[in-house]
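All remarks here apply to the structure that follows.
Chain lettering (A, B, C and D) follows the sequence in which the chains are written, and residue indices restart at 1 in each chain.
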Amino acid sequence: MTEPQTIPVLDKGFVRLVDAMGDDRRIVQAARVSYGEGTKTVREDAALIDYLMRHRHTSPFEMVEFTFHVKAPIFVVRQWFRHRTASVNEISARYSVLKDEFYEPTPGELRAQSKVNKQAGEGRLPAAEAERASALLAAAGRDVYARYQELLALGVAREQARSVLPVGIYTEFYWKQDLHNLLHFLRLRLDHHAQAEIRAYARAVAEFVKARVPLVWRSFEEHVLNARTLSASEL
Amino acid sequence: MTEPQTIPVLDKGFVRLVDAMGDDRRIVQAARVSYGEGTKTVREDAALIDYLMRHRHTSPFEMVEFTFHVKAPIFVVRQWFRHRTASVNEISARYSVLKDEFYEPTPGELRAQSKVNKQAGEGRLPAAEAERASALLAAAGRDVYARYQELLALGVAREQARSVLPVGIYTEFYWKQDLHNLLHFLRLRLDHHAQAEIRAYARAVAEFVKARVPLVWRSFEEHVLNARTLSASEL
Amino acid sequence: MTEPQTIPVLDKGFVRLVDAMGDDRRIVQAARVSYGEGTKTVREDAALIDYLMRHRHTSPFEMVEFTFHVKAPIFVVRQWFRHRTASVNEISARYSVLKDEFYEPTPGELRAQSKVNKQAGEGRLPAAEAERASALLAAAGRDVYARYQELLALGVAREQARSVLPVGIYTEFYWKQDLHNLLHFLRLRLDHHAQAEIRAYARAVAEFVKARVPLVWRSFEEHVLNARTLSASEL
Amino acid sequence: MTEPQTIPVLDKGFVRLVDAMGDDRRIVQAARVSYGEGTKTVREDAALIDYLMRHRHTSPFEMVEFTFHVKAPIFVVRQWFRHRTASVNEISARYSVLKDEFYEPTPGELRAQSKVNKQAGEGRLPAAEAERASALLAAAGRDVYARYQELLALGVAREQARSVLPVGIYTEFYWKQDLHNLLHFLRLRLDHHAQAEIRAYARAVAEFVKARVPLVWRSFEEHVLNARTLSASEL
C-alpha cells in the first residue's frame, strides 16, 4: 500500500494517489512468464523494459495498476472520462448538493483564442480584457450558484436543479487504470494539442507514475513522449 | 443500410438511427457456428434466441451493431458516456461555439425532490413553485449565454469561455454500440432508478432496437426487463 | 502486498495469488465518493455492499484488483481467455520448448458423454472403458511429445513444431482482473454448465476472493450465485 | 450488406467477409460531428482522414465495423483471440465432434528455428529434414485423430476426449471488430515479428479492409505500416 499523497492542481483541484499495485519488477516478472527465466540485475530489467516499450509488447505494462482520487472541473472530467479503459466512481449530483467551487482562472491564466489552431487557446489576453473576463467568470459562478440554491429551495429535485450548474464547477472521482492505458492517457493529455487545464492534471498524474515505475518512465520518455514518427514519404 | 429516422426527445433533443448491422438472423447464424447447423424456421430461431438470453450466452448478441446520432443536454450525456463499451464522437466546444439551446422543462415537467429516495425527483411541484422554477431555468440559460458571448467577444479562447456554460446545454454525438451492451444500457437506463431525462432517451433507443431485432426484444422483455431475481434467502 | 499462496488444481496445475489491491473497505470508500460520507461500522459497510450488489451498482467493485499466476491445460485456458476484461501474460511456445506435462485424468475422473446435454460430460464411464481411455490419454501424451522432440531435433522452428502438441498440455499465465469482472467470470465458470475442469480452477480462484473480500463474497452468494431469476411469465 | 467473399488461407483455412458497416465517408461524417460541417470533395475527405490518422484521432475509425468468418488452426486462433477488442463466436468442441482437418505444411513451408530470434522460424529446412518433418506432421494428425475417435467410441465425453487433439487442428469462428482495433491487429500481425501463419491470415483480412476503406488504407500505409519511429536519442 503506497503512502497517500496529494498534488494540488488548478485553483481548487488535486490529484491524490490512493493505491497502486506492482512496479518495474512486476512488469519484468510478468514478461518472464512469456520469455522464461532470465534477467536479474536492475540493468537487465531496464533493458527488458526498454525492449517491451520499443516493440509495443504492451501486455506486461497492464500488470501495474493505479488508483487516484481527483478533484477537477466538469469540463476537464468530460475529457478525462472519454478514456474508457478505467474504472470510475464520481460524486452524484442527483444524490448530493454540489459545493460552490468553480474554476476561476486569474487574468494571467486566461488564454486568447488561437487563429491558427481552431481547437486551442494561445497566448495571453490584453490586460484589460483579461481583467474583465476574469471578473465575468467569477460573477457567473456566484450568480448561477444563487439560482441553483433558489431552485433547491423551491423544492426542485437536485437532479433537475443542477442543470443550471456550469461545466466549470468542481467534482470529484476515483480513477483506477492500468499502467499501459495510463501511459496512453498521458501521451494524449500531456501533448500540446490537449487543453492546458487537463495537461495540468496529466502532469500531476505523471509525477506519481514516475515515482512508482522509474524505469518505465525513462523508457516512455525515450520511445514515446520524445520520439518522433516519420511517415513513409518522409523517410 | 437502414433508413435514417429521427425520434424527438425532450424539448430540443433527438435520437436518430444512422446505421445498423445484423438482425435476429445474424445472432442465430453466429450461434450456429458454435452449435452447428440447426434451426431453420422463425419459430426455431425465436427458441434459440430465448435460450441464449435465458442462459446469458451473450456473445451472439454482440454480433449486431447500431450507430445513433443523438442530441441531448450535457447532464444526460455525462450519464450516457459512463457506459464504456461504445464508440463515440462528440461536438468539440473547443473547436466550435456551442449554440444557445438549453434544456428548459415546462412547469409540468419539473419534479420535486424525493424524501425517500435521495437520488431522485418524484411527483410534481406545486403550481406556483413550478412556474417560478421554470422561469428561473429559462433566465439562467439566457444570462449565461450572454456571458459566454461576452467572453468570446473579449477574445477568450472558446475552450475556456465555455466553462460558464451549464450542464443543461445541448450537445450532439455519434454513438455506436453492439446489441448486448446496448441492452445492458437499456436495462439500466429504462429502469425507474435512472433519471427521467435519460429514460426518455432510452425509450427512443429502445424503439429502434425493437424494430430491428423483434425476436430479441421479446426475449429481453421476458427474461430481463420484466423478470425478477429472488435472492437466496427469498427463495 | 498479500502473501503468495498456491492452490493445486487438477493433476499438475495450480492457482497462485500474486498480488491484490483493495478490499471490502475500498469498495465502500469508492461508493462513498458518490454518496457522500456515511457508513462507519462493519455492519453498515456490509449493508452498503449488499445494496450495491443487489442494485447492480457494479462500478465500486471494479476498484478491487487481483493478479493470479495459473498453470492449466490449453483447453481450459482457451475457455478462460474468452473473458476479455483482464490483462494476460502467457508462456510463448514460439520462444520456449514446452514441457511434457499433460492433463491425464484418472479412470475415475473420466466422464461419459451426456445424452441430454450435448455440451457436457455426465456420470462415470464403466470401469473397463475408463481404464482403457485413461491409458489411451497417457499414451497419446507420450507419443506426441516424442514427435515434438523429433521435429525440434530436425531443426523445425518451435512455432511450427508445437502444432502437434495437444490442447491437454499445460501452459502458464499471469491473469489480472478487477473484482466485478472476476465475479462475472466466477458466476459463469462455477456454474454447472461450465466444464468440470475449468470449474475446478474457478473454485480455487473463489477461495482467494472469499478470503480477500468476505463481505462481498457473502453478498455475491446471496444475490447472484444462489439467487434465481423468474421470467415475466413465471412471475 | 456487402457481398460475401472468401479468401483461402494456408492449406485448409479461409477468411470470409460476412458483413461490414460504414466506409471512408462514415469516418468523415463522424469526425464532422466534432469539427462541424466542412469537407465535401473526395480530396478533402482524404486530407481529413490523413489528419486523423497522423494525429491519432482514433475515435472516428471506430465507427466502421467488420464481421468475418474464419477457419484457422487453433495455434493461430490462440494468438488471434489475445486481441480483446472484438466479439467472437467459435465452434464448441464440447458440443460437436471436430473434423479431422489439420494444418499440414508442405516440406517447402517448414521453417528452421532462427538462432538470432528465439521467437521465430527463419529460412528453409534442408530437403531431407523437411520431407521427414512434413511426413511426421501428417502422421501425427492421423494417429491422434484415431485416438480421439477411439475415446469417443469408448463413451468419453467430447469435452474430455478432445484433450488429445493438437493445436494444429482447424476450428472456425465469427470475428467482429471495429476498424481502429482491426488496424491495430493488422499492424501487429502483418509485422515480421508475428508468426508466418497468422501473417497469412492478416494479409487476407487486409484485402477486405483495403477494398472497403481505400482512403484509410492509404493513410494507414503512409503513417503506420511504412512509417518509422525515431526515439529521443536517435533524433
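Keep this in mind: a residue touches a chain if its C-beta (ideal position, glycine included) is under 8 Å from a C-beta of that chain, and two chains touch if they have at least 3 such contacts.
Computed from a predicted model, the values in this text were never measured in an experiment.
Undergrad: Under the over-half criterion for shared residue numbers, do copies chain C and chain D use the same patch or different patches to meet?
TA: Mostly same residues: over half of the interface numbers shared.
Undergrad: Count the C-beta pairs in contact for A-D and for A-C, then report the pair with the higher count.
TA: Taking the two pairs in turn, the one with more contacts turns out to be A-C.
Undergrad: Report the inter-chain centroid distance for chain A and chain C in whole angstrom, where each centroid is the mean of the CA atoms.
TA: 34
Undergrad: With chain centres taken as the means of their Cα atoms, state the distance from chain C to chain D in Å.
TA: About 27 Å separates the centre of chain C from that of chain D.
Undergrad: Counting only residues that touch at least two other chains, what does the list for chain C look like?
TA: Answer for chain C, listing residues that touch two or more other chains: 35, 59, 82, 88, 92, 95, 118.
Undergrad: Can you check the complex and tell me which residues of chain D touch chain C?
TA: The touching residues are 73-75, 78, 81-82, 84-85, 88, 92-95, 102-103, 105, 110-114, 118-122, 125-126, 129, 132-133, 136-137, 139-141, 143-144, 147, 150-152, 154-160, 162-168, 195.
Undergrad: Which stretch or stretches of chain C touch chain A in the complex?
TA: Going by the criterion above, the answer is residues 19-22, 26, 30-31, 33-36, 59-60, 62-63, 65, 67, 69, 87-92, 95-96, 172-174, 176, 178.
Undergrad: In the complex of these two chains, what residues of chain D are touching chain A?
TA: Residues of chain D touching chain A: 35, 54-56, 59, 118, 188, 193, 221-223, 225-235.
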